[in-house]
Each structure stands twice: as structure tokens, then as C-alpha cells.
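A short worksheet on the structure shown next.
By letter and in written order, the chains are A, B, C and D; residue numbering begins at 1 in each of them.
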Amino acid sequence: MKIGILTSGGDCPGLNAVIRGVVLKGTTTYDMEFVGIRDGWRGVVDADFFPLTRHEVKGLSKVGGTILGTSRTNPYEGPRGGAENISKTLYGHRIDGIIAIGGEGTLAAANRLANDGLNVLGVPKTIDNDLRATDYSFGFDTAVNIATDAMDRLRTTGDSHQRCMVAEVMGRHVGWIALHAGMAAGAHAICIPEVPMSIDDICDLVSRAHDRGRAPLVVVSEGFTLTGMSEAYSDKGLDAFNRPRLGGIGDVLAPEIERITGIETRATVLGHIQRGGSPSGFDRVLATRLGLHAADAIVDGDWGKMVALRGIDIVRVPFAEALGELNTVPRYRYDEAAALFG
Amino acid sequence: MKIGILTSGGDCPGLNAVIRGVVLKGTTTYDMEFVGIRDGWRGVVDADFFPLTRHEVKGLSKVGGTILGTSRTNPYEGPRGGAENISKTLYGHRIDGIIAIGGEGTLAAANRLANDGLNVLGVPKTIDNDLRATDYSFGFDTAVNIATDAMDRLRTTGDSHQRCMVAEVMGRHVGWIALHAGMAAGAHAICIPEVPMSIDDICDLVSRAHDRGRAPLVVVSEGFTLTGMSEAYSDKGLDAFNRPRLGGIGDVLAPEIERITGIETRATVLGHIQRGGSPSGFDRVLATRLGLHAADAIVDGDWGKMVALRGIDIVRVPFAEALGELNTVPRYRYDEAAALFG
Amino acid sequence: MKIGILTSGGDCPGLNAVIRGVVLKGTTTYDMEFVGIRDGWRGVVDADFFPLTRHEVKGLSKVGGTILGTSRTNPYEGPRGGAENISKTLYGHRIDGIIAIGGEGTLAAANRLANDGLNVLGVPKTIDNDLRATDYSFGFDTAVNIATDAMDRLRTTGDSHQRCMVAEVMGRHVGWIALHAGMAAGAHAICIPEVPMSIDDICDLVSRAHDRGRAPLVVVSEGFTLTGMSEAYSDKGLDAFNRPRLGGIGDVLAPEIERITGIETRATVLGHIQRGGSPSGFDRVLATRLGLHAADAIVDGDWGKMVALRGIDIVRVPFAEALGELNTVPRYRYDEAAALFG
Amino acid sequence: MKIGILTSGGDCPGLNAVIRGVVLKGTTTYDMEFVGIRDGWRGVVDADFFPLTRHEVKGLSKVGGTILGTSRTNPYEGPRGGAENISKTLYGHRIDGIIAIGGEGTLAAANRLANDGLNVLGVPKTIDNDLRATDYSFGFDTAVNIATDAMDRLRTTGDSHQRCMVAEVMGRHVGWIALHAGMAAGAHAICIPEVPMSIDDICDLVSRAHDRGRAPLVVVSEGFTLTGMSEAYSDKGLDAFNRPRLGGIGDVLAPEIERITGIETRATVLGHIQRGGSPSGFDRVLATRLGLHAADAIVDGDWGKMVALRGIDIVRVPFAEALGELNTVPRYRYDEAAALFG
């Protein structure tokens, strides 16, 4: 059996650990053969394959990024796209099935291809933790650790200067990184896309922390939008000249907080450092196990599903369970954290 | 309502985060009052209490160890021990209940006190992850990260010298840290208390890795005993003069592996660094949530239980569920990891 | 003898280690007494003092920030400022001299006060490493480590997406952090205030790295200005509405690089995380030694100087040596690093 | 010009960064050609060479260990050893000179070969910092950071249990790592080979720290020998059966301290984790610069010397300056640190 592996969408610590897990289990236990597919679905439509042996994956559990490369190509677009073309391409290269490691978009495409008769198995990947049907996805824990560590640093400088520090973390549509890192770092306010807040709500929390003698820490998801946010600061991400706006929502909040509260305020946009580098122990174990179980699922012919974490177990779920709605932060989880704001 | 909090047994990253979570939730949401109990059950029997205000717990989520101190005192021993004496002591100090943060022994004592009519709530603490009824306990994730990071370092030195490196990690009775850190670091052999292995089994794995050109990494739990281990190396921990044997099982294995395989082998016993220092993001979040929910449980009068992690939720379980048997590594989890040994 | 200690200007990892070094040496070896001065020179003019005992400084060598607080107050301004007023204030509180830990501005003020007859001793502090007369100042090494670690992370994400990554680091007037962290992380271009570069120079380096199959890494000091930089991107830091421009020079460079080279480019502005948190080993040792030697200098009556690092020794130099010109990156050091750009 | 590069002796973070620095500078600036020599001097006598191109060294500045491998072979031993044989071997492979990266033994051999007419250039490598003629060698800073981080962790567990913690660090003949890491971590006693101490001296420091309410931290170099150490604990490293003694000097000290002071005491032997893994920023910069300057020195025909750090400059010194005596910790540096013991 010959299996292609691809990684698609934004990169994420743990992708290489999944690849290693699949290939080691597949080659040593099941006698499978693997090909690496370059740059996600682009490599499928372009037939950009290379042999992926055990030798290629050695030492990868700790390596960030993906040795396969990634892209945001849609496999249904372009002259060589679509289920029929892809089917022929795979047949021509004697590839029996594909393991697609990716997020919402990737899994939706995988689902559609599976419905169109191709052998596709999914592995959920989302650094934002926005996929349903898995308790966590790899990359998220690493991002939380990096963000927490950064905030620990911001707090000492905030304390020294009696400043309010605003930390912007990843999370376009969901606030999980902000919630967890903010709770871990002892934030005085957490602003996430799921929970509407006005600038006055935020300033109120900031002032209360300041009144207790603390240097306030505000954590904000990149996808957070202020209630009543003016158009110039809108989520179109453009400035008044229709040029891409520089900086993030954190850069927007900081001067507003300073203006309203009178407390000196500085923003830091953590950005891409949250998705790079060596995965945490948790993410390496999770990613490796997902890879091992993906190999098992293939041997069982369990196509059209994705492997997922449920409690401490790896399970297989139909694509449909993971798709549709995003895994947003439920209100009770936000309120739980908000009890710490004081 | 006035509540006492104690930490008992070996220390663990996250203890302070639990304490902070309880006190912040209890004081700001529920108007509770707290006293710190010094050095575990010793402070209960000695009435060694001090006021634990919100001010005392600020900034604690990132701080390792426990501000309450800890000991291994059994509350049923000594002239002032036992349920009746303790009941009087607590009554005398107008303490309405106790939150006991600890492992197997602590929770067993808490259970007995609860059965004897005292208001006791448990929070599971075990760096080894050996408690049932909770998916994970705080401290474990931090320990895995520290051990993984250490092994990443050991691997580069192993590679440079073409040596076999033996890393001994914590785990007196269960092999969870070895399993997870070993999987994360790409170990070629993992030796845990739950799975019998002879020195020849280990050397076989070492030699196979070496033959593939790798510098073998062997991870061993401190509580691992070799099948057929000679008496001089027995788990009595004594040397030939009945003096405490210096070093750990890793120090025992390394020269044996070198003797049998002919591969230069070095041991590192990671020891106490695994249980100290700032908790990981995962552990801070878990510990804080356990603390928040402990305050909720008290308000609900839900004594005689412990708070625990189930999937992504915090639940309450009777003490009995956590006691009795240890949470050992199941065979299928070991086999899963063993597929990576090659 | 009673000595006041102040920290002034931007905070920096190692400030607390200096304070601890002074107080431990002064109290245990020399029987000195210390007062902490709150918020830099502000605390001097406002007579905002508090007793600084050995107990206060315990455990501080690893703690980021400054327990004394800091400000940018000029001691010669305001109704209570100036040498004469300050002299009276100190006399009134029986303070025999001041240790001022700070950068260019602080040391210039200290020098002026010393010339006006006050007992002032300086300890150089600059995270940017822009002070002459000391080989390095504490904080710089920590900043380089944090920036290097962040860039290691950026590289894995750059590699996965075949992107150019731009990392903006601290350095308003000098490029030391960019030079060292860029060299440490294997940057393909380093842009510092001392060396003029046009956008075409940068794009040329980026394209060459890309042509060799690398994901280009560009490191830029916050104080770098492009040769021929258009007015809209000027260093006035304003946008077209005269509002403070969001983001940093990295945010300016990234879209230009992408536009000119056609290579997808992302910027990360590391910002305040570089100056917070626990100091590196190097900085703790340097800061502690500076503190120890500051106590010695005071006992010797060696006022009007600052302690400094020369090779592996701590020496005393007149303020004048450290003032005047900044410690810029010499051209040969830049060229040395540029040999690695390829 | 074709140059061979070798790494010899114990591995050290930064070796790969030196190799990368030499090769990048040599190939891009000077049009040199390089061969890698496998496993130190062994590869010279066995003519075990391989082409070392720019491609081979990419990304190496952050990678621990050495891609060349290392050994402790003496180039003057064996049938193919000696200056004449080696000269022939090099001539046969058209190798014009050798860059030898190593410690005392390596540089002594290099010196002898240079005196015997071979083109040899040295790069000092010692994780213990025991080489004269260079302010620091790469690897040392990384080891200090790792040891400091470990001790920060040990302190929280010591504080929680009111225990004395003993940390054994590297340093067979000199105490630099113990001195710097101990100072950085706030140790209450530092035991180094250069300074005689009896068990009573140590226990006195431990008890004084304990009396002040601190959990004592004792840092000890692996090469430290107690004044009056009994024969059973002698530095022969044998136990009573003439078997290699398990554990290190830290394992010896801990039970003695506990016995004498009555304070519960635990030892941790940090071991090989101090020499593995990714180098610190300081070490990457130092190692890279040494590599760059080694290429320059070769172009200048400056054989028979080694490159070294002096202040902030890289200089060239005759081998003789580095050899002979070790770079021990001077007494005034120890006393400086001892002022912090209290």
C-alpha cells in the first residue's frame, strides 16, 4: 500500500511529529510505503511527490514546521483540480490514499474528496484550537506556552514602570489561546472574539487592577473586535488610505486604554513566534499518537474520517463532526476565567 | 465561611496556582475567608494557621513550589492527631472545612477524615500522574516538558560521541513521565515499572538503534526494576555495605548496557529538577481551574469529594474513585509507544 | 553609612540582581545601611525612601524588572529638583550617597550631581548596549537570547511557507541586539541604524537567500531608517492623519519587501518581551558583580565614577568616559557579520 | 586552498557554529574548499574525510553537538599516527591545513604538529572554561544557563520542603561553572576544586542559611574533593568492590550534610544535560566569530596559533599561551562570590 501525506494551511508545531508517527508505524509495523506531497493540495494537483522513507523522518518529533511544505491551494480549483483529475493523478502514481493534515478548509476539502470516492484520512491541525470533535489539536499547547512565557516577561516590565501591558495573541475566530495564556499569566482582562466588550468594559477592568496596585495585563485575541469599534479600526484591516493597516488590534487598544484611563499603556503583538519552533511535550505526544493512529486507521480501511483526541484516547470521527461550526470558547469557560479578573 | 488550605506530600509545579484559584474565587465571588495551613497535615494537628488573603496569592500562578510548605505527616498519628482532635482544633479556630491538595496518601487521609465527619475537599496532586479519576494532574505536564528538553540536549551529545544515553526520570510506581517524555524525545527504549524487561531486551533495542546509525536513547523510570536484576542492584537501594546506594537505576543500567553491547553509554538522573520551577501553561490552567472549582464545590457543600479533570471539563468525584489502585500505564499505551522503537 | 539606591529609565533584566549584590555585600561585609528610592530620580526629589534590608533583596537575582520602580524624571527639573535641594533632602534623611543604576540620561544627571558635590556612584544599565566604557551591560545578553529564541521560531514557520520573515528587535540608536541576535539566528540581512541601506539593498539580500532555497530572515533594529525612506514612513512615527503610526519599522519593511521581491513576507515586532523576565546567567553574574563592586567603591569613597565590565574584570571609570558618544556598532563588526549573508 | 576541519574531545554547544562560520566565510569570501574530518584526530590518521560544502553547514548555528563527530584519539599514537604520516595523508588528499577545534589535549597535539611543520590552526573549546588565553570559550555560557535554570527549579522544591539542595555541575579541574551558576542562582555555598573546604565548612554555611529561614543551595563542581575526604569517597571513583562508584560528589555530600546538620538534603547531578542542546546567543555569536576569524587567519597564513576572545575582540595567540597551566578560578573571584553566602 502506498500512501501520500500532505500538510496544508498555516504551519503549526507538531506537523513533523505527525508525519514521523505515520511513517514509522506504517513502515515498521505494516510494511506501507509513503510519498511526501509538497505544499499541501498544490502538490496533489501538480503531482509533486517524493519518496518518504523512515530515514527522512528521523529526529522530526522535536522539529517545528513541516518538511512537506504547505500552501492554501484548494484541490477543487484549477485545470488539474477536482476529484476526477486527482483520482487519475493518484492512480498514475499508484498512490492508494492520502493523509491530509490540516484545519477547517483542508478537512472540508478532504471530506468532499472522500464523498467523491477518494481514500482520504484527516488529521486535525489548528493552532487556534478552533476545530470541533477533538479536545485539543497539537500546536495549541505550544502556542499557549510561548504566549504565557512572553506575558510573564511583559509583567515584570509592566510592574517596574506601573504600566498597563496589552498582549495580542493568535486567534482569528476563537479565543482559546487568549483564554488559556491569559489565565496562565494572571491577566486582568481577556478579550476574545466570542465575548462582546466595549473599550469602557476593558478600561474598567484595567482601572480596577491598577487601583489594587497591580500593573494591568490585558490579553486580546487578534480576531477580537471592540463593541462599537469605529470604522477606521474596523476588521477590514485598512487604514484611511485603504492601505493595509500596520500592527494588530493590540496596537489599536493600547492608545485607547491610555487615553481613557490615564495609565501608560504599551502593546506587544506576539505574532508568528507563537506558531514556530519546537513543539511542547504535550504537542509532540499528541501529534505522534495521531500519526500512529492514522496508520492504524488506514490499515483498517477506515477512510473518510479523521483521528482526534477525546480525553486521553485517540478516536476516529467522521469528517462531518469536525466541520460546520467552529469550536468557540463557551460562555461558562469565559466566566470561569473572568472570576480571576477581580 | 472560613476554609483552611493545605498542601501535602512531594511538591509539584501548580500547587500555588491551585491556592491562588481557590482564594481569588472564594474571596471575590463568594465572600469566603481562608487560612493557610503550614506544612500539610502537620499544620492541622499543630494548629499552625495563618490568614490567607487575596494579597497573599497575587502573582502565584507562575510560581513553583507551595507557599504553604508541605510534609508527609499522617493526620491520624501523634497525640493531637485523629478525627476527633482535629475536629476540635478546627472548631476552636472557627475553620469550617479543609481543602487538601495532595496525592494518594493525602487523599486517603482526607477520605478517612471525611468519613469521620469532617468537611474535607480534595484536589489531586501527583507529578507522576499515578492517580485514577483524573485524566491528568497538574505538575505532570511540566515534568514531561523538563524531561523532554533535557533529553533533546542529551541526544546532541549522544550523536556527537556515538554514545548510548540513559535518562532516568521520575516515576516510582508508574511510567507516565517516561512514556510521554520518551515518546516526545524519540527514545529507542522506554523502561517503566509496569512492563517487565530484562537487560537483554534493553540491549537488543539499543543495538538495533545503533545499527541504524542512531545514538540510542534509553528512558527509564526511577521505579523500574530489571527482570532478574541481581541482588546487589536490588530495589532495596543498598550497596554491599548496606549503605544507601548512590545514584539511581539509570546509573545501574548504563554500565551494564555498555558491557553487553560494547557501545559507550552514559547515564543522567534528572531528579528533582523535574518537580521544581515555574509550571507549564497547561499546568497553570489546570491547577487554576481545579482551584476555582474547589471553591464552587465548597459553596455547594459538596464535601468528601475531589475535583478532577475529565476531557476538557472539571468534575467532582468521590474520593473512593481516586483511591485503591494506582493509575498505571495500560499495556496498549506502552505498545503504542513501542511501535516507534524500531 | 546610609546609602540610597535608585533605578532609572527603561527597565532591564538584572536591575534587581544589582540591588541585591549591593545590599548583601554592603550589609554583611561593610555594615552599611540602605534605603530604596522609589521610581528613579522622582523618589530623590520627592524624598520617597524606604528601608532596604537584606530581607528585602532575598531571591532577587533571578527576578526581572526592578523592585524600586523606575521613571524618566530629571533630577534637575521641578521645584524640589537641582543639586542644592537634593543635597538638603539627602542630608535631612541622613543619606550619605546615592547609587544610580541607569543609562545615558541617568548617568549624565549623576555626573552633573557629582560635579555639584553630591556623592553619586553609577552602575551602567542599557539593554541596547549603547554605553561606552563597559564591554557589555546587563540586560543585553538576555535580550539577545530572547530575540534569538524568537527568530529560531520564526525560521521554522518561514521554512514551511517559503516566506521571508522580518524580525524587529530593540535598538533605538545602535544595532547591537540586531547584530548579535541576527548572527546567532543565521539572518540573511541585518539592518541597523549605523549602516545605511536602501530597500533595494535589503531586497537583494532577500532574493539571493531565496534563490539558494532558504526562507530569508531579515533582522531590523527599531531605530533603523531606510535610505530614501518616503515621508509617510518617516521616523516621525505618524501616519497620514498625524496619529501615532501603529506597528514598527518591521511592519513597514515587510510589505515593501513582498512588493519588490514577490516573496510572501511577514513581520514580527518583538517589542517589550525583550526587556522583561528573568535574566540570563551571564546577566545575573554581571549585574551581581557590578553590585558587589559598587559597594566596594563606596567604601573606598570612590564617588563620581561608575563600575563597568572590562574583559572579565569589573573596573571603575569616571562618568565622563561613558558619556558623550554612544557605543555604536563599528563598521568592521557589521562587515564581519555581513560575510554570513551569502 | 583545501582545509580540513576537526572537532575533538568532549562535545560542546557551539562546535557546529564554528564549523559554519569557517565554511561560510571561507567559501563566500575566500574561495576556499573544505573537508570534514570525522571523529577528531582519528579521522586524520584514518584519512576519514568528506566534502564540507556551504550546503552542509546551513542552519547549524543553533544545532548542538558536532556534525563532524568527535573522539579522544591522540594523533601521535598508532601505526598511522605521528607528524610524518599525517603530513603524507594530508598531502595525498591535497589538504593544505587543518583547523582543530578542541580543548587542552587537542591544542597540545595541534601545537606539536605545528612545531613538526604542519599547518594547524586552533579554536579553543572547553565547556569548563579551563583554557587560558581566551576570556571565555563557547559552550561555557550555555552550560551556565542550563545549570542556573536547573537550580532555579531546585530552589522552589527546596523552599517547599525546607530542604537543603545540592547541585553538582561540570568542572573536573576548575570551578567556573559552579562559580557562575552558583552566583546566578544565589547559592549559599559553592564548592570548587580550587578552594579547599571541609565538610564542616560546608555544613556551617548550610546551617547559617537555614537559620535565616532559607532552603540552602549548595553548588559543587564534579571535581571538588573534600578536605579530609575518607578513602571510601576518594576521587578514584571506585566503591568498596573496586567497581565504578555510582553517582557523583553531590551524591556523596548530600547524606553527609544531612547527617551533620540534621537538615533533610537531596542531591541532583546535572551531568550531560549541561553540554547538549542548542547554544545560547552568546555562545553562537562567540563560536561564529571564532569561525569567521579562523578563516581570516588561514588566508593570512597565520598557522600555529589559535583564535581567542579578548574583551569584545577576537585575537590570535600562539598555542603556547593557552597551554601549560589551566585557567583556574582565582581566589579573589571566589571571595567575591563568597560575600553573598551570608
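By definition in this document, a residue touches a chain if its C-beta (ideal position, glycine included) is under 8 Å from a C-beta of that chain, and two chains touch if they have at least 3 such contacts.
Because the structure is a prediction, the values reported are computed rather than measured.
Chains that count as touching both subunit A and subunit C, per the definition above, do not exist in this structure. Most remote from subunit B, judged by the distance between CA-atom centroids, is C. Mean C-alpha position of subunit B lies 34 Å from that of subunit D.
For the pair subunit A and subunit D, the distance between mean C-alpha positions equals 41 Å. Measuring from the averaged C-alpha position of subunit A to that of subunit B gives a distance of 30 Å. Shown for subunit B are the residues in touch with two or more other chains, namely 152, 155. Each chain pair that touches appears in this list: A-B, A-C, B-D, C-D.
Those residues of subunit D that touch subunit B in the shared complex are 7, 10-11, 13, 15, 63-66, 69-71, 146, 149-150, 152-162, 165, 239-241, 244-247, 251-252, 255, 266-273, 275-277.
Residues 20-21, 24-25, 28-29, 54, 58-59, 61-62, 135-136, 141, 144-145, 147-148, 152, 155, 180-181, 183-186, 214, 278, 280-282, 284-285, 288-289, 292, 310-312, 336, 339-340, 342 of subunit C are the ones that touch subunit D when the two sit in their complex.
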